[in-house]
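Presented sequentially are two complexes of subunit A, the first with subunit B as partner and the second with subunit C.
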Partner chain A sequence: MNPHPVIEVEGLRKRFRTRRGPVEAVAGIDFRVQPGEFVGYAGPNGAGKSTTVKMMSGILLPSAGRVEVCGMVPYRERKRLARRMGVVFGQRTQLWWDLPLEESFELVGHLYRIPPAERAARLARLEEVLALGPLLAVPVRSLSLGQRMRAELAAAVLPAPEVLFLDEPTIGLDVEAKAAVRDFLRELNRDQGTTVILTTHDLDDITRLCSRLMIIDHGRLIYDGTVEALRTAYGTTRVLVVDLAEDEPVQVQGAVLARAEGRRRWLEFARDEVSAAELIARLLAGHEVADLTLEEPDIEDIVRRIYRGEAPP
Partner chain B sequence: MAEHAGVYLRLAAASVRATARRPAYLVVRFLSAGMIVGIEVAGVVLMLDRFGSIGGWRPAEVVVLFGLAFTAQGLALVFGDTLEADKVSELVRRGTFDQVLTRPTSPLGWVVASYVDTRFVGRMLAGAVTVAWAADRAGVAWTPGRAGLAALAVACAATIIFGVLLAAAGFTFVTVQGSEAVNVLIYGGQYLASYPMQIYGSALRFVFVWVIPIGLAIYVPALGVLGRQGPAGLPGWLAWLSAPVAGAFAALGGLAWRAGIRHYVGTGS
Partner chain C sequence: MRAYLALLRAGFQRQTSYRLALAAGLLTNAFFGVVRTAVFYALYRERDQVAGLDVADALTYVWVLEGLFAVVWAPWFWELAEAIRSGEFVAELLRPGDPYLRLLAFDLGRTLSVLVTRTVPTLTVAALLLPLRLPATLGGLALLGASLVLAAVVSFQLRFLFGSAAFWTPDYRSLFMLVFPVLWLLSGFVVPVDFFPGPLRALVDWSPLIPLLMAPVRVATGAAGPALATQVAWVALLWLGGRAVLALASRRLVVHGG
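Presenting the complex of A and B:
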């Protein structure tokens, strides 16, 4: 393996003092990220995701342990690291809100000391890939969420960072905008070799983009491996939620009754054993059904199940 | 740092351009900031008229002090308004400050340049107009030396106020609820500086000259501007001491700011 990882984290801890006593947001985690990896970083709210990202980007000082990004200690060499790292927070803007979009790009160019010719060349490419041309003269505050997210990405990668930290970049976006963001990130990672750390709740983002997935819960890394392995191990269980016409016991071949509440039944079944269509057909053959929905397992569900020790990793 | 100056100028220019995109809003803010000064000065003039003089100072002379203080405050707030406790808490609360920390610039330079508030230029100009008007009524014959003293008073007082704001901002990173205490400091201090210090008696006078350097920054140079004799034992060269005192305030403010950031990075929000 490459002897020089882009990110090295060893025994990393962060304790916060709160009114209810000390809380260990990150409770000793270790990992390395090699150049060009696309890592999904998931976990329930408050699991320690953003605290880890903040320690990697120099916003927070670790309580213990070691973190190095691009060979630098983030909090000690914050400004120097900032030149080689990009950060996009999905719900905040780093663009100049009241000014036309093109002025943000110009300012980023100056901030990161990108030579004008270089900036023009990179911008031309980004404008094409992200379809920004018509937006350049529009004030940022007038952009739609999807347009703004494309612009945020362009601004973040304009300085050609080696590492890109993304926090919920597709949150609130419609299907089309999500696809545009994902296509862009995939190409960026493949063509420029940019290392990407993606924090998200969206399992879809992770399965479509990430070669590797890390799951954190209660400050500990509880999964670090390929998305494939996780999917085979845990993502195969789907749930059919059924509202029966009458309150009666249900038994369907290929499914397990996971929960019952009034006339509602949760039927778990394995994706590779039976199709939803087949299961529904079997169900309808023996019961009268008022309504039904199909639930795919979400990342938090998987996290919870791994953490509870149901189906060990 | 020199190459950085360009970046901060660009940030400041962007902030001004952003405000200028709403010219009506800008004009209203500008005028209202100026009008507030006008109203407050009118109040002081009316009040002083009843007394005739305070501690041997004629109303017009007092208003000169007042005007210098307003000008200094306007100047300090053009750059320092964003350091007020409520604004800093807002930056922290909305996560904006985290983003500032991911930029390849000094956080202070970024925050100050990005939130230049042109509204306070209105306060500055109104303060300057007040000084000119009151000095005329007080019969001040302007000389380059007196103008220089007035400029010194404004620059030093502004630096002191900026230093205090900076320290308060640093403190805000620790408490995130300093608003009230800071306002008492700024406006309370301002209020004191606006009245001749003789009314405070000789022992307290000494304390205020040193303990409240706003008084030092404006009062002592103003004696020179008005051509007045200071209280006994106050040498004329004391006016120039305003500069190092102001510098010390700015330096202490800078230290407090840095300590605040260290605390913030250590604890996080």
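Presenting the complex of A and C:
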């Protein structure tokens, strides 16, 4: 394992004082992120995701524990770290509201002291990948949400950060805009080796992009591993959807009837008890079947069950 | 340094691009300038001096006031407070460099645009049509120019302090509305500070409201030295004050969350 993780978090806690007493938003979490990892950070509302990201980016002081990003303590060396880290908050803009996009990029270039030639080259690349060309003369306030998000991403990666924190970057985007953002992030991670921490509610983002998934709930890390491992560990239930030739009662050994609607039946079965082939064979032995499909466990479903405490890790 | 100059230029260009707002602003200034001119002419019909000001001083006051109106009470008065409330201010903490200087540079860019496109034309036209008392030498005009820029800087510094209230209370507007009539009167935007009763005038002369309007009026009408010195002193004091407030606010934000 790489001895120099880009992010190191140890025993990290954050307590807030509220009118209803103290609340522990982050209740002691530990993890390390190696350079080039693409980590999805998921959890229900109020689980502590944003609080963790704020502590990692240096705009929130931890109550206890240790956090280091690029070898720096974020809240102490925020301005120095700012040159090596990019942050995008989906619902807040970091661009100059009234300025044409082009000028915002120019300002970013000056603030981060990017040599003009270098800036032009990087911008040309970003313009192409994010299709920004027609937007450059438009003031940020006139951009649509999808256009703005592409612009925010471009501004955040223009200084070529080593680490990129993304807080809900696809929230409110339509299918096409989401796809554009995902393609861009995948390429950024693969080609530039940028470490990406992606906070999202959209598990689709995570399954499509992330090599690693961390789930936080009630301030505690309840899962840290690959998406595939999560699927095999918790997604043991598969569903065989059967359209019978005739409307008749169905009973197959090893499966439970979950739902019935007209001639369609949903049969739930456990992956480790019976194979799909075996189950289909048993079914066909006793019934005439018009059609069938096999549904794999949905990651969303698994995570929902984890949140509800039905699939404790 | 280059970054701050780029911000200044961007602010200037941004403000200059609002042509319709500029036209509307110039018209409003002309309208209220004419009304105020008529009022002061009526006042001076019976006498030559009021509180040490003659009619030329009074008219100069009127047109400097019109010229500086949009600099002091900038249309973007609540911009900082709103950014703090919405959480967008956090972006300032996540950038390299100095947030206070960045905000100042961008704001000064915009107020410089107002000075160039509104203050200077308004004063020039008024001086051509009315007996204003403006410096006759190039040096005198340069001092007036410096005084107007200093007024713009102090205006930013005070607006920054008012906007910073949003770090501590969501009700920052009510707080301001409460003191607004007093600020309006004391800064000299109703009548010249010279018209105030002695003790009040003495008090106001030592306040940061003087650099906003009365100091440029005094630079224009002759007492340039002390007026400029007052402005420079307040820029320095408010600089320290603004930075202290920003440090406190950032500390609060970082400890308690935004």
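The working rule: the second predicted complex is superposed on the first by the 236 of 313 C-alpha atoms of A that agree within 3 Å, B and C clash if a C-alpha of one lies under 4 Å from a C-alpha of the other, contacts with A are read in each partner's own complex, and residues count from 1 in each chain.
The rule is short, and it goes like this: a contact is a pair of C-beta atoms (placed from the backbone, for glycine too) under 8 Å apart; a residue touches a chain by one contact, two chains touch by 3 or more.
All figures in this text were calculated on a predicted structure; none of them were measured in a lab.
Engineer: Just checking: does A:79 make contact with subunit B only, subunit C only, both, or neither of them? Give me first, second, both or neither.
Structural biologist: both
Engineer: Considering only the touch criterion stated at the top, classify A:98 as touching first (subunit B), second (subunit C), both, or neither.
Structural biologist: both
Engineer: Counting only touches as set out at the top, which of subunit B and subunit C does A:61 meet: first, second, both, neither?
Structural biologist: The answer is both, since A:61 touches subunit B and subunit C.
Engineer: For subunit A, give the residues common to its interface with subunit B and its interface with subunit C.
Structural biologist: Looking at subunit A, the two contact sets intersect at 16-17, 51, 54, 57-61, 75, 78-80, 82-83, 87, 89, 92, 94, 96, 98-99, 103, 107, 110-113.
Engineer: For the complex, which residues does subunit C have touching subunit A?
Structural biologist: Of all residues in subunit C, those touching subunit A are 2-3, 6-7, 10, 13-14, 86-88, 90-91, 93-97, 102, 106, 253-258.
Engineer: Spell out the part of subunit A that touches subunit B in their complex, as residue ranges.
Structural biologist: 14, 16-17, 51, 54, 57-61, 75, 78-80, 82-83, 85, 87, 89, 92, 94, 96-99, 103, 107, 110-113, 139
Engineer: Touching subunit A in the complex: which residues of subunit B?
Structural biologist: Subunit B residues touching subunit A: 3, 6-7, 10-11, 14, 17-19, 21-22, 94-96, 98-99, 101-106, 265-268.
Engineer: In the complex of these two chains, what residues of subunit A are touching subunit C?
Structural biologist: 16-17, 51, 54, 57-61, 75, 78-80, 82-83, 87, 89, 92-94, 96, 98-99, 103, 106-107, 110-113
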